[in-house]
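Here chain A shows up in two complexes: once beside chain B, once beside chain C.
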Partner chain A sequence: MTRAVLLRSAPALLVLLAALAGPWLAPHPVDEPVTAPFAEPGAQHVLGADALGRDVLSRVLTGGRDLLAAAAAVAVVVTGLAALLAALGAVRPRVRAVVEHVGDFLILIPSVLAILVIGTSFPGAGRLPVVLAAIVLGVPFAVRVASAAAGPLGSAGFVEVARARGDRPLAVACGEILPNLRTTLLALLGLRFVDAVYVVATAGFLQVGVQPPAPDWAVMIRENAEGILLNPWAVAAPGAAIAVLAVSTHVAFDLLLPQARNRTVSRL
Partner chain B sequence: MTPALDIRDLAIRTAEGRELTRCGRLTAEPGAVVGVSGASGAGKTTLLRSAVGALPEGAWPEGSVRVHGDDVLALAPARLRRLRSSGVGFVGQDPAARLNPRMPVRRLLAETGDPAAVHDSLAELGISAFLHRRPGQLSGGQQRRVALARALLRDAGLLLLDEPTAGLDKELRARLADLLRGRAEQRGTAIVLACHDQDFLAGVADEVLHLGEPVETAGAGRPPARSAGAAEPLGDAGTSGSAESEARRPAPVQIATAPPGPERADGEKPAVEPDSSVHIGGTPVLEARGLSAWADARRRTGILHELDLRLEAGSALAITGPSGAGKTTLVRTIAGLHERASGELRLNGCELPVPGRRRTDRQRSAVQLVPQDPLTTLNPSRTVAGSLRRALRSRDRGAITGLLESVGLPAETAERYPHELSGGQRQRVAIARALAAGPQVLLCDEITSALDAGTAEDVLALLSALCREKHLALVLISHETPLLARRTDRALTLHRGRATTTGRTHEVLV
Partner chain C sequence: MAERVSARPPAAVLGRAVLWRAGLLVLRRAGLLLVLLAAVFLLVDLLPGDAARSTLDANASAGEVAARRARLGLDRPWFERFAHWLGGLCTGDLGVSARGRPVWEVVGPHLPNTLLLGGIVLALTAVAALGLGGLAVLRPGGRLDRAIDSGATVLLALPEFVLGTGLVVVFAFYSDLLPAVTTTSTGGGVHDAGMLVLPALALALPQIGWNTRIVRTALTEQLRAPHVDAAVLDGLPRRRVLLHHLLPGAVPPIATGLATSAGLVLGGAVTVETLFNYPGLGSVLTDALQNRDGPTVAGVVALAGLIITSTLVPADLLGRWARRFA
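Right after this comes the complex of A and B.
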């Protein structure tokens, strides 16, 4: 890995590190008022205070970990499932037809509405319903992309040979097709992560899943919106954190792509 | 008059300084047909691609390439684009990849010119019969013809063709030769074609440029046509296109380790005396009766019609026929891959189900296929050892080395990826993979179509030696009738899914 790649993926690494280690770095307790509500930034409180007088910096440092974990889980599961379904579909046209039809149906469901319905149906279950809903609604989009890449491989010589020697469809899908989808899947993972961050954050903003007083970037934006003129940092800091997390991770994934370039036989 | 293509002292090297191609002088005046020949890896494709300004990634050119007077290596992107769109027609080696899979042939042709205006040349190439189909529904040879027709319709001043004859049968090759000559003479198109079919080159080209060291073409019968003598011989004939200098290095091994024993002595003769082969097979290994196959599930478009076939141990059967005759479908049906088929198959006298999924593991092992497309025959993401391990279903290193040895490859090949191997080496690995299952029947679909004459000869020699040693029933699909005639005992000619002639090779294929 070159220095340029490290340098350009540094923002992503910093945000990840801050989000993961944040709870230990927080200078103040996150759930007690330490100063006046919407206090302006000062020496004691670098980013000022929120609606209840709690330290914004401490809450920003603490509020990313769960969001990040939820988004990462959604992205990994969605990409993994999509890869498996697409590879199986390339071997078995009938599987592909069923997956695509079901997928087309799921794509028609408005995702925010679905997450609202599912989240409010299971109050008190925390983030889990939101994560599950995001997976169910994300897979159809991801399958489309992965299928397009896997489709042409279904008739490749090495797949025919594997089928002719009696390998089970799952073995052909995992052993012959998946290794050739590396680049596509890595790009897909990056995109799904960004999407998952936004979906989980939207749910948080709508107070589906996580509830105040839990420190969470999306919940903070909503809680502190009324005091935006008194202490803009209470809204801007968590908002910027979400944006930087999504964008910088995407950039980092893009940088990884050339390293995972598929080995194709392009000439005779 | 400005030559349509004028290459001088061209050398293209990779960033590491390895030479991909070298050409002292190549000039194509309007109306001239220039052939470029040379062994696989001599740089034919790189040379042709340089004429449209497409160099391999990270490669450094030296010398000049002028097309209609413009130096393409120094041309601004916009002008290069204009030159490519109007001044040059290029047909690459893998035309299937260049045809939009969603467009029917009619629209593919209309994109580059008015098909009505040149209807004659379409008829000449036999395309009119499948104007409504999409590339996915065409055979390899048909796709190549569509790509050629697209290039011809462009009516550009310079036509660059990379292996235009691969996948075409004798008759189509002759028609193509006429068509190209006509083009050159009537419209003054300059045509440069890279090809390893020496007979074709001799028939169509005004002059032939030989790249790299001249290869011993054991099979080509005639010596290469009048050599232009302008190309300097390469110091090391084993340089190839992309990152495969190491891969090409063991090239001599291919020849040196070609099957031992009687094979070397009587390389020119069939694997088995033709007379004995017809009688020895008391019970055939594999027998097909009334084999039919369709392209669609509703059985409307037939590909094979009531075909009968007998394969005997230790003997080789050649399958030939015009492109689109159903040769590939026939072997895929036997291998259990084409499920829209009916008929009776018998393996050693016992019933062999037509759909592959109903076969037992032992039945599957007994019938092995070496597939057609040379680019995808091996999984690009697996090393040679990885591919063989999956076929062997064991991690035994000794077995892998043994397999590689049996196809004449050094043990180091095991750690390579397919893109690091030459075309001939890849086909050898594909054969080794088929042998891993311990087959009784080996079906080889056009495995030599992308190889130069010398390498093709070596691969076929290997196959006939294996056929004899392991008592295999061998099926070879190919258009190269002279090669087949020497390596097979019996021949079957297909036309539109029906067997037109069957019999001993020397009677059928002459």
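Right after this comes the complex of A and C.
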């Protein structure tokens, strides 16, 4: 199990490492033209040049770190909040009901639209509004996943014992329920990371949170799309980085979710 | 058995109760939509930067700005403007954009294009997800099932605009089969059906992945029901068990999944329409956001909320109706 998860997340880890070490590995400056616009790949420029003649390889190596940091922050905070709310909800049904209603409300607006509106409401604040909006909008859905695992624990023997001896709901949630959600929470962390990459990259593509001169995978795809027939690598390379990261993480952490393992039916 | 039948209330009472519950479901969705509209209106209202100022020259006098504010109605309190906007919404009047044009004039011509694209995507998603999910569950755990599940898991992780650029590289660059950009005809419609293929695929493939998994899980859940056991033991053909015994009980989650996809498609349409230069609501929204055009943003988001609510309500009702047979 653990080995399968590690094997499947290996490509994502490679992209992650390249993105972290990239700024030091970049062979050319990222912000000045070094050759002709949309120059084809050559010995000097392995992936060719972008719309302004800047080196694509250097920009791809530099353009992932901020995006990944923002996505990781969203994933960690959302998972943490969801874990706490789900554990509390297992002890206190009212918390669960409130979260359900908020989730039903948020389903009415595509999270991308909401994040765009919030992100553009605070120009000049960088990625922070996008990150905050992604956290607020991501929590209700994450709570649903965590609640499905935490719900049955609410009536488990050891939880009833803890409550009978007078432990407070928060103490029961943190001390008795949370430790039993480890696998679900790890899966949730991975899946929320994939979702956060989606949201942050989509906002970046629409230039919300990052502006064009910055090297950023999503911005690169947008600004080089017009030259896709001249030098496809200028969009294919950042696109592949996002795709490999998202797919590999998703495929790996999806294994940890209980329903994916449930393949015992053998009839029909 | 006889006792259960006699314990049921008369049909007329039952009919009224069903109607009442259905009415409550619709009311709840409508209430949530109203809260959403208020939230959007307030948020747009709080946008720093003022529609009156952003559409005038930087050196416009204070008097000119005040006159523009009065013309756009920006000097009245927010709840008055919200009530006015909401009243207008019911009659199809979305207000006046920051540039002084009626919002409907800006949004209206683009709405059919997005509805066309979204409709194609949802139809494609429903057919593909039901087909693939059904195939997968015919032999749970078999090779085909695992292939379909892996494919769905991969597809659903991909952002639409990444998938879109990938499709352009493959189909427009290497094989030159399909156009990479959309051109509009004089009527504002899409020029040629081939131009719909790549945007529709970029939007549909992730939704197909997501819905195939929902169909597969819902059908697998139904496999455990005792009446399915009975049907299999009776020796009924697999196709008949799938269509008549598994599918009805699996309808509620499948319907909800598809309705949720409607919202995700609208969200994804913003990037895909921008990427393919497709003349839809998404490109209107991108422009409006760049111009800080609050009324237009609110109009587009209100339309999106309306579209999503009108797909969620039938899904709710269908789910409730299907549960009566489960």
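To be clear about the criterion, the second predicted complex is superposed on the first by the 241 of 268 C-alpha atoms of A that agree within 3 Å, B and C clash if a C-alpha of one lies under 4 Å from a C-alpha of the other, contacts with A are read in each partner's own complex, and residues count from 1 in each chain.
In the analysis below, a residue touches a chain if its C-beta (ideal position, glycine included) is under 8 Å from a C-beta of that chain, and two chains touch if they have at least 3 such contacts.
What you see is a predicted model, and the numbers here were worked out from it, not measured in a lab.
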Partner chain(s) touched by A:205 [first = chain B, second = chain C, both, neither]: second
First, second, both or neither for A:180, with chain B first and chain C second: first
Touched partner set for A:120, first chain B, second chain C, both or neither: second
Touched partner set for A:111, first chain B, second chain C, both or neither: second
A:160 touches, of chain B and chain C: first, second, both or neither? first
Which of chain B and chain C A:94 touches, first, second, both or neither: neither
Partner touching more residues of chain A, whether chain B or chain C: C
Contact residues common to both interfaces of chain A (with chain B and with chain C): 262-263, 265-268
Residue ranges of chain C in contact with chain A within the complex: 28, 32-33, 35-36, 40, 43-44, 46-49, 137-141, 149-150, 153-154, 156-163, 165-166, 168-169, 172-173, 180, 217, 220, 223-224, 228-229, 232, 238, 241-242, 260, 263-264, 266-268, 270-271, 274-275, 285-286, 289-290, 292, 297, 301, 304-305, 308-309, 312
Chain C partner contacts - residues on chain A that touch it in the complex: 104-105, 107-113, 116-118, 120-123, 194, 197-198, 201-202, 205-206, 208, 218, 221-222, 225, 228-229, 232, 235-236, 239, 242-243, 246-247, 249-251, 254, 259-260, 262-263, 265-268
Of all residues in chain A, those that touch chain B in their complex: 153, 156-158, 160-167, 175-176, 179-180, 182, 262-268
Chain B to chain A touching residues, read off their complex: 40, 45, 93-94, 163, 241-242, 332, 335-337, 356, 359, 361, 364-365, 367-369, 371-382, 387, 390-391, 417-419, 423, 426, 430, 433-434, 437, 450
